Structures are given as C-alpha cells and as structure tokens.
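Each of the next two complexes has subunit A plus one other chain: subunit B in the first, subunit C in the second.
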Partner chain A sequence: MSEAVKKTQRSLWMDAWRRLRKNRLAMIGLGFILLLVVLALFTVAVDIVTKGTFYDEHVIKQNLRLRLQGPSAEHIFGLDEFGRDIFLRVIWAIRYSLFMGTVAIAISVVIGSFLGAIAGFYGKVTDNVIMRIMDIFLAIPSMLLALAIVAAFGTSLTNVLMAIAISYVPTFARTVRASVLTVKDQEYIEAARALGASDARIIGKYIIPNCLAPLIVQASLGVAGAILSIAGLSFLGLGIQPPTPEWGSMLSNARSYIRDGWHITVIPGLMIMLTILSLNLLGDGLRDALDPRLKN
Partner chain B sequence: MKRALTVMLVLALASLSLFAMGGSDKASADAGNGYKDTISVAIGADVTSFDPHVGKETPAVAVTNHIYDTLVNVDPETDEVVPQIAESWEVVSDTEYRFHIRQGLKFHNGEDLTADDVKYSLDRAIASPAVSYIVDFIDEVVVEDDYTVLVTLDAPYAPALRNLAVPFAAIVPKDYTSANEDILRTAPVGTGPYKFQEWSQNDHTTLVANDEYYAGAPATKYIEFRVVPEAAQRTIALETGEVDLAYDPLTADKQRIEENDELKLYSAPSLTCYYLSMNMNKAPFDNKLVRQAISHAIDRQLIVDTLYMGAGQAADDLIAPAVFGYYGCGVDEYDPELSKQLLAEAGYPNGFSCSIWVNNNQERVEVCQVIQAMLGEVGIQCKLEVMEFGTFISRTTAGEHDMGYFGWVTSTKDGDYTYYSLEHSTQQGAAGNRTFVNDPEVDRLVEIGRSSTDESVRLEAYKELSIYLKDLANNANILYTEISAGAGANVEDFVLDPIGYHELQTVKVKSSR
Partner chain C sequence: MWKYILKRLLMMIPVLLGVTFIVFFIMSMTPGDPAAIILGDQATPEAIAQLREELRLNDPLLLRYVQYIVDMLHGDFGESYKNGISVASQVLDKFPNTAILAIAGILVALAIGIPVGIISARKQYSALDNVSMVFSLIGVSMPVFWLGLLLSLLFALKLGWFPSQGMGKGFLPLLRSLVLPAITLGTGSAATVARMTRSSMLEVIRQDYISTARAKGLAEKVITKRHMFRNALIPIVTAVGLQFGHLLGGAMLTETVFSWPGLGRLMIDSLNSKDIPMVLGSVLFMTIMFSFVNLAVDIVYAFIDPRIRSLYKKAGFRKRRAIAA
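Entry: the complex of A and B
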C-alpha cells in the first residue's frame, strides 16, 4: 500500500519534470540560472583557493589610468570607471544577487507559509487578524517598504535581506492560505483528523505538501523580484557598499558615464535583465508543468 | 519607537512625492527685443531654505543671492569690496565700522529699509547656529540714526568687511520677519534684484525682476532655476536647449560642452578644497604618525589626472591658492613605503581597520573609493559608508566618524574663514572643526591671523600655520576643484563666480542660439 503511494507521488514530480523539459523557453531559463550558479560556485572556489588574493588583485584593484577602456581581447567586457575588469566584477557579483535573492525568498516562504497555513486552517478570527495584517503590508509597495526599513535600520547585508524578505511575506501567506482553503476540506484531511492526528501534524504532513506547487511557482518568480529589489536598493546606495561588486551598484556608479563608455552601464544592466528573464521563464514553465489540468 | 516613526515618515513623504510629480513646463517667450524673457538654469540641488540665515549651501545661495542684498559686496571680477546696501562706510577704528545706508531702498513688500532692519538682520544672523561663525566677530550693532549703523567688534578682525559681503549676512525686513520667524523659509522678502515668485519643491524656483532695484532693473524679467540632480542630465538639458545655463557639469561633459559650437564653457579655479578629516578623538587617529601615514598613502595627482581629467589641482593647504593667506607648503608626496614605515613606527605594522564617511554625491564617493583602495595598499582596511547629506553632517558633528570626506568653500576669499572654522578649538563640531583638533599653537596662529590688521603679520601667521598643519596632518588635504558652468552660445554677460554664487541680473539670453 505505502509503496504504491510512493510510486504515484514520485511520478507526479517526474510528470512535471517531463512537461517542463518540453518547454524550451523554461529550459533556456533554467540553463542560464544553472550557468550562473556554476560560475558563482567557481568564484567562491577561487576565493577559497587563493585566500582572496585573486579577488584583491583583479576584482577590486583599481587601475585609474585605464579607466573606461572599452572591451578588448584582454578584458572582454572592458574596464569600469576605476579601471577594473567588468567581466570579473560581473561574475563575482552573481553570488550576492543569487544568494541574497534566494535567502530572502526562503525566509519569506517560511514565514509566509506558516502564517498562511494557520490563517487558512483555523479560519474565523485567526484568519481575519492575520490576513488583514497582510493586507496592510500589501497596501504598501514592496520596494517602498524595503526602502523604509533600510532607511530606518541602516544599510547592512542583513537589513537589506530582512527588508526584502518582509516585503514578500504577504504574497506567500496569501498563496498558501488559498491552497489550504481548497485542501483542508478534502477527505484525506478528514481521515487524518478522524485518526486523531494533531493540527500541527495535519498542517505539516498533509496540507503543506499539497500546497507546494503554487508555492514553488510563486517562489521562483519571487526570487526574480527579490534580485531586482536588491539591485534597486544598491542602485539607490542602500544595498551592498563599495568596493564589493554588485550589479545594481555597478549600474548606479556607471550611469554618469553612459555617454563616455556604454559598456559599463550596459553589461551589468544586461546581467540583471537576463537573470530576471530566465527566472520568470522558469517560473512560467513551472506553473504550466505543475498544473495537473495541463496533463498532456 | 523612533525607528517606527522614521518608517512612517518615509512612507508618508514618499506617498506625498507621488502627488508632487509632474513639473511645470513653461516655455520661455521672446520679450520682444530679440531676447528671451526668462533665463532657465539647471542647478544640482534644491534650495533647502530661502531664509538666508539658514540655507547656506551653495545651490541654495545661488538662488537666494538674487533675492537678498548684503551691506557690502565683493566684485567677482576685481575682487574689491564694493558698496551695496551701505553706500559708504568708514573704519572708525580697528574695532568700529560705521555704515551709511543707501536711502530710499525698499524691500519687495514695500517696506523701507532702515538702520533698524540692518541691526535686526545682523543680530538674527549672529543668533543663527548655521551662519553665526560668519558674523560672530561683531560685538554690537548700534543704530545711530535711520540711515547710519555702527558695528563694533570684540577685537580687531581684519576680514570684517568681506564677511559682511557673504550672502549669509543678508539684510531682511524686520517687521515682516519678526512677526513670523519661519516666514522667510518659504516666502522670502529682500531688497535684491529679483523678487521671489514661486517655489515648487524639488522641481523649480521662479524669480521675477525687481524693477525698482537701486542699481537698475535686471536685464531679463524672469529666472527659472530647475532642480536637476543628475549632472549628466544638466548637460543634456543644456544641449537640447531646455535650459540656458547648467551649473557644475560633469568633468567628462566639460569637453563635450567646449566642443559644441552652440555652447560655451565657463571655468575657473574654485575656492573649494576637499579634504579628509581624521577624528583626533579616536584611536588610532590621535597618533600623528598614523595621520601622516594616511596622507602619504594618497596619490592626489592621480586622482586629479584621472577622475577629474586634470580639471583641478592637488591640494597642499586647506585653502585654495586664490584665497588670502595661501602659503603652499607643498603637496604631501605619494609614498606608500614611507607610509608603511610610519605605520610601523606608530605601532601598526599590519595596518588597521576603520571607516570613511562621505555624503551621497557621486563625485565624492568616487574619490573616496579611490582613497579606500590606496589606503588598502598600505594595509589600512577602510569601510566606505555613504550617507545622506543631513545624516552625514549631524553624525560627523557629533564626532561619530573615523574619517570623513568634506569640501569647504572659502566664501570670503580670506583664509580666516576656513582656518578659524576648521582648525580653531572653539569651532569643534557643527561649525566645521571635525578633526576635533585642540592645539594651543594652532589656536594661537589662527587668532593672530584673525585679529591682526597688518597684512604681512597675517600672512606670516598663515604661513606658519600651514607648515604646522602639514606636520600635524589632522586633515589630509586632497584637491582643489574647478568651478564651471555651461551656457548656450546665446547667453550674454554671464560672469562666473569663483564661489558658485553666480549673479544673473546682468545676463541676457538671445532668442535663438
């Protein structure tokens, strides 16, 4: 009996993967994201192996006499306003965007699903209180909320992370609550309850796993949004501080040179764009793949 | 609680600014004589306060300077002190100046300007923490009759007249202002060549000519100052003909303006020095060797040559060469080895960690990023913290910084203005001394320069001070900048002010370029 259940479960995810694989755009997105992950891991490995000397010598070391030099064989993306290699800076910056985007969304997924599940499961007053608070948060544009938090608590990596995480909580709370509402009246929940399972067990073991599909879709889109927010905050000088490379701050520093060296604005901008696009394509693909109604 | 309040405030402000968006786009009409009736000027920042005794930042004064007059003025071309509200004056003694006020002057609201207004204004400036340092040499202002005031000094003060010519010593109407001390902030009234017409915050300020101005009506009826924070945008606005004048173009854009036949570039050495203030109340900056090490680790010429593309000069004194009292004791040579050696002698052979604070002005942030990298070469690991101007000023005033990057304009063209504010022990914090230096020898020399009326004695004191400060190294002087403005080729009679308070009452703009 239990083996049969496992089998169907696995094939459900396998089904989704098979459908996703057929979606060419989503696969391109996935491929680009994987490439970024590999590059990011590679740069981390380089830093560990060279104990940061490569980073000091090539990523943040300035060479003012060569500033704004265009792309060449030696520096394929050219040099920035301080004469630093843009290619190296762009790939060294991946870790901040990807890592912070993922962590921020992971935090808000955890908090959001917890609140959403409780609200959806218990209903009535609990639901009302939690969701009205979420509504208040939703009424404030997320970027503005993040800005306000960073302005009040100061610029640091953690504050930026928290600011973005908090601003995404309501989205996840809503998503999870909606799925919980459809799941909680199903027979298998009733069966679990009849067998004497505790609320925590029912939520953790039966409800959440059945709400995962929309959550995954929302999270992959959320990471894209979070990366954009990080870049946006850094652009405004509230995110990652120099000389650490970060796409948003690279773009921001480059903007007054847009007429003197196109490459220093275009390249970080392109990286942000491609990353967001890839994540959105992947998210769209996942939505289609995980929707059981589109089985064929 | 305070933080929650900040969050709320930021949100409230942000939502307000959404409503405030969308600017005015008044096309400038031909006045009928082949000249435009409006001069459009792109400036980098909005007026913080139209109250001349409060809003002392250069972009604010560049606007309010047209609304207010001072007792005397300094001619930007000849550099002589010339009459303005006072039509003449006598130096009664070293500590007494008698001013004869021009008769028949009227404020923009119709009130007559009398000696009472002068006394009220100077007393008000002395009481204002923002500008007090410019007039606090005054002991008392005595009204002798309706059109005569006697200004008495605590002690002889050589640059007195030049200080009274600084726009923060503006004369304001007593009855109008004393009825509501805040009114000048948004509804300024003065005696200047232009009257205030309209202010749309963060967008533009419009002034209209005061046809009854004592020196004759201004050449152009309106001036519109548009706030364009992004320097590259100011140049673009100038190129497209949207504005007639663009203040402070980017270094990279200056060449572009020069090469454009439809545009003119005005450029001159400024009176501004940029410097890195080290907080002597904090270790390790209380150690002279550490401060010297920092100064020797900075390649100033490289910064000038690259970031500024040669438009500037590596600094040796805290005052620019055009300022009275400049001695020029030689730029601290760039010598990382010497720097490391000094650090080792000071007990920091492996360097140390600290932070550099700077306000969020891109040019300044870039210089600091370069300094950060240069200090890194000798083992000093700096964290660069970029903050909003208000925060930067209040936190450095409180002495929370390790090092801060500042700029200072010697508005009076007299060394005392800078040396007294930045180096005297009584001027710590808000007034400008953010190294918190408290050195009897420095104080002694500053005081000689301040109180002696003998030019050669003053120059000698400033020479000694310059040499002494080079060794003390509480400030690492970085560079002197150029002041510049771009103009359309159709702009006539524009005179660049080395401080940045460009006066536009004589400027005319031809209708076509």
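Entry: the complex of A and C
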C-alpha cells in the first residue's frame, strides 16, 4: 500500500511540472532565474579562485579618468560615476539580491509555517494568541517595519536579511494556517492519529506536505517582494552599503549623476525589473500548475 | 452599521497597543545614548546623567512604554532629539503632503487600472488584452524608485515638462509638481488593480444573470456597468485597500526620488540622524493611518454590497456570526 501512495504522490509533482513546462512565460522566467543563479555562482567561483583580487581590481577599484563613459565594445554597459565597469558590478550584485531574497524568504517560510501550522492544528487559545500577534505585525506596513529594524540594529547584511524575513512571517503563517484548517479534519489525519502517530509526526509528515502547494506559490512571489525590499532599503541608504555592488544602492548613487549618463540609471533598474518579472511569471505559472482550479 | 463601526474601532485598540509596543521595543534597541547624542561631543558626564534622568532613560523599558502610551493619548509624542520641536506638530505638518501624494497615486491607479481591467476582460485573449496584461506584469515588477528616476530623466530633465524636485506652491504649480510623483507611485498599483479587475470581471462575465440581461435586450454598456462591474467590485476594493500599505512604503521611496517634503522623507532623515522619537512617532502615525484605511475599506464593502449591508442592518449578532461562518 505504501508503494501505491508514494506513486500517486510523485505523479502529483510530475503532473505539476508537466503543466509548468507547457507554460511558455513561466519557463522564460525560470530560464532567466537559472541564468542569474549560474552567473552568481560563477562570480563566487571567480572570487574564490582569484582570492578576491579580480573583485578588488575590476568591481571595486575606481578609475576616475574614465568615469561615466557610455556603453562600448569593451564595456558593454558602460562605466559608472567612479569609472567602474557596470556590467561586472551588475553581475557581482546578483548574489546579494537573489541569495539574500531567497534566504530571507526561506527563514520566514520556516518560522511562518511553524507558527501557522501550530495555530491551525491546535486551534483555540494557541491559535488566537499566535494569530493576534501576526495581526499586529501585519498592521505595520512591511517596508516601515523593515526600516525600523534596520534603523535600530544597524545596516549590516544580517540585519537587512532579518528585517525582511520578519516582515514576511505573518504572510506565511496565514497561508499555512489556512491550508492546515482545510486539511486537518480529513480522514487520513484521523487514520494517522488512530495508528498512534504523535502530533509532531502528524504535522510534519501529513499536514505540511499537503500545504506545500500554496506555500511554494507564496514563496516564489515572496522572493520577488523581498528583492524589491532589499533594493528599496539600499536605495534609501539603509541596506547594503557602497562600495559593495548592489542594484538598489547603484541606483541611489546614479541619482546624483542622472544628467550625465542614462546608462548608470537604466541598467541596474533593468536588472531588478527583469528579475522581479521572471519571479512573478514563475510564481503565476507555479500557481496554475499546482492548482489548476485557480486558473480562469 | 454604527455598531459594526464601533466594534471595529474597539478591535483596533489592542492591535495598535501591540504595534506601539513592537515599534517602541525595536527603537529602544538603537545603540548609543540618546542623552549623549542630544548634547553632542562637548557634554560633561554630569550633564549627560542629568539629561538621562530628565528623559526618564534610567527607568525600566516597560515603565517607559506605559508612560509613552499615556503621553500619546494626550497627543504628546515627545520631542525631536534634533531640534526639540514636538514630534506631533512636525508629523502633522508633513502629513498633508504625503496624503496628497498617496491620494493622487490611488487616483492614477484607479484611472488606469479599472478601465484597462474592464476592457481586457471584455475582450479576453484579444491583442489588446495581451498587450495590457504584459504591461501590467511589467508595471507590477518595476521598482518604484527606478520608475521615478526614469520619469524624471525623460519628462523633467530631457523634455522639461515637469519639475524633477520638490513640491510646487499654489494650485497649478502644485499640480504640475505632482504629476511625476503621482504616476511613479500609482503605476505599480494600477497594474495590480488592472489584473484584479480583469480576473474579477471574468468571474462575473460567465454568470447566468449576465445571459439573462443580454437576453432581455439590455445594451452592452448597461450590462457592463450595472451588472458586471458592480458585482466585480468587491475584490477590486480589497485590492485597492491592500495597495494603500504598499503606497505608504512606496511613498517613502517616491518622496526620496522627487525630494517631496512628506512624512516618508521626514522619517528617513530622522533615521539617518538617529532621532528616535521622530522615527517612532512617524512610524506609529503611518501605521495608525494604515489601520484606519483598512477599516474604511471594510465599511465601503457594506456600502457597495447590499448583501453585507443587510447583514449588519437587520440580523442580530448571533445570526450575523452564523452567516459569517
């Protein structure tokens, strides 16, 4: 019997993948994200192999003689206000946006699903206490909450990460709680309990896997939001600090030189937009693939 | 109806108390001694100790929180560390500017989002629908500060149609200076509203009463306006209400791009100068505003949906609960 169950489980995800593959826009989004991941890993590898000398020499080092030079064959995206190659800086910045966005959301998915699962599973007082606290966090606009945290604890990478993660916890807690509530009275949960499974086992083994679909969709859209927030914080000077390359802080610097060259304003923003667009396309595609009922 | 509004207002109290506690707690973790920051480098240890006493910084956190709440209920949000002016007066001074920007942003969002959504739904899968949905996807994905920079690059610096910085004085200059910030702030929400309007309209379009309306010979215009749009409105109102929170975050960024003298700008400046009472006051003020907008959205539901309205008019509390559940 267990084999039969396993088989149907696997085919559910295979089905979803098959549907996702047919969605051309979602595949374009996925392709762009994978390209970014490969580029980011490549830059990390370059840093490790050259022990950071390439980074210091080409991404950080200023060359004021060539500042604000437009795109050319040698520097396809041109040079920034300090004469640094924008293409290299944009590529080196991927890791901050993409990995920080992903890690921040991963943290809030873990905390949020834990809280949401407990609230939904135990109900009553537990549910009330947890969800009222989540309501309080939801009442503060997420950007303001992130700003306050960064302002109080300082603008380090970890603080920015935690600020974004905390502001997304209530969203995931709500998502998971809602799907736990629909799942928890199903017969297979009762069956598991009759067989003597502990609460922890029921939640971890039967409830969470059945709540994964909405969670995955929410998470992929969450990463997009987190990347936007990181870029926004950096643009306000409260996120990643120069000279570290980051899309938002590149735009913040470009602001003062907006008259002198369009490329320093256009290119970092374009990278943010394409990344967010890809994640949104992928998120929409995942929603349609995982829950075909939602498709109109 | 009034009972419902009163109930919602009462429910806001614990939430706002919790919000103040969280923000107060976070801000109290700020490193550095506020007394030393106020007095500057030249201060003697005695003077700092005295000021700490005056500011009640030696009291336990919880006591300070209670004191803050009591003061707040008297309309006293403390004084700015930077210039000693009361926080409440500075916040109220800047708030109208942010309100103008936010309302203009919402208007842009509605003026673009709703017609685009309706047309897309009416002509589903047409070229027009595809084009507008692609644009709304791009609109949702655009960082608000980048859009602001691009708009000011093109329309302010290249073409010189609108000012790129600041807020104009007098009606016409104000309107002119508002155009770019409002479009910047409203575009993302316009895209969301368009997507929401489209999907909500599509759900309604297949209902039987639409066929009925058509069968009895009503003009398409009337059907769209009276039968489709009205019934599609609830999810749209929800989306607009939710957008307001985004707008507050976006307002900070938009105000930074266009040097708009609003609350967001005030907050960022206070953050940079570690002016804790200012930050605390402005975050709280914005959050309270946000809560009131959410409440207003819920009340608007009752006005546009007769089903909800009658729920609160006739049925007793118990029955209402049963229906809601």
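We adopt the following convention: the second predicted complex is superposed on the first by the 291 of 296 C-alpha atoms of A that agree within 3 Å, B and C clash if a C-alpha of one lies under 4 Å from a C-alpha of the other, contacts with A are read in each partner's own complex, and residues count from 1 in each chain.
Basically, a residue touches a chain if its C-beta (ideal position, glycine included) is under 8 Å from a C-beta of that chain, and two chains touch if they have at least 3 such contacts.
This one's a predicted model, so the numbers in the text were calculated from it and none came from an experiment.
Visitor: Quick check on the superposed pair: does A:153 touch subunit B, subunit C, both, or neither? Answer first, second, both or neither.
Guide: Once the two structures are laid over each other on A, A:153 reaches both partners.
Visitor: Please indicate which partner A:241 is in contact with in the superposed arrangement: first for subunit B, second for subunit C, both, or neither.
Guide: First partner only, subunit B.
Visitor: Report for A:144: first if it touches subunit B alone, second if subunit C alone, otherwise both or neither.
Guide: both
Visitor: Per the contact definition in the header, classify A:254: touching subunit B only (first), subunit C only (second), both, or neither.
Guide: After superposing on A, A:254 lies in contact with subunit C but is clear of subunit B.
Visitor: If we overlay the two complexes on their shared chain A, which of subunit B and subunit C does A:61 touch? Say first, second, both or neither.
Guide: The answer is first: A:61 touches subunit B but not subunit C.
Visitor: Would you sort A:13 into first (subunit B), second (subunit C), both or neither based on which partner it touches?
Guide: neither
Visitor: With both complexes superposed on chain A, which partner does A:42 reach: first (subunit B), second (subunit C), both or neither?
Guide: In the superposition, A:42 touches no partner, neither subunit B nor subunit C.
Visitor: Give the label of whichever partner, subunit B or subunit C, reaches more residues of subunit A.
Guide: C
Visitor: Touch check for A:188: first (subunit B), second (subunit C), both, or neither?
Guide: It touches nothing on subunit B or subunit C.
Visitor: Of the residues on subunit A, which ones does subunit B touch that subunit C also touches?
Guide: In subunit A, positions 140, 144, 147-149, 151-153, 237, 255, 258-259 sit in both the subunit B and subunit C interfaces.
Visitor: If you look only at subunit B, which of its residues touch subunit A in the complex?
Guide: 3-4, 6-7, 10-11, 14, 230-232, 250, 252-253, 256, 302-303, 305-307, 360, 362, 365-366, 369-370, 372-373, 376, 383-386
Visitor: Over in the complex, which subunit C residues touch subunit A? Could you list them?
Guide: 14-16, 18-19, 22-23, 26-31, 137-138, 140-146, 149-150, 152-153, 157, 199, 202-203, 245-246, 248-250, 252-253, 256-257, 267-268, 271-272, 279, 283, 286-287, 290-291
Visitor: With touch defined as at the start, can you tell me which subunit A residues reach subunit C in the complex?
Guide: Contacts found on subunit A: 132-133, 135-137, 139-144, 147-149, 151-154, 224, 228, 231-232, 235-238, 248, 251, 254-255, 258-259, 262, 265-266, 268-269, 272-274, 276-277, 280-281, 296.
Visitor: Please output the residues of subunit A touching subunit B within their complex, sorted ascending.
Guide: The touching residues are 56, 60-62, 64-65, 67, 81-82, 140, 144-145, 147-149, 151-153, 155, 237, 241-243, 253, 255-260.
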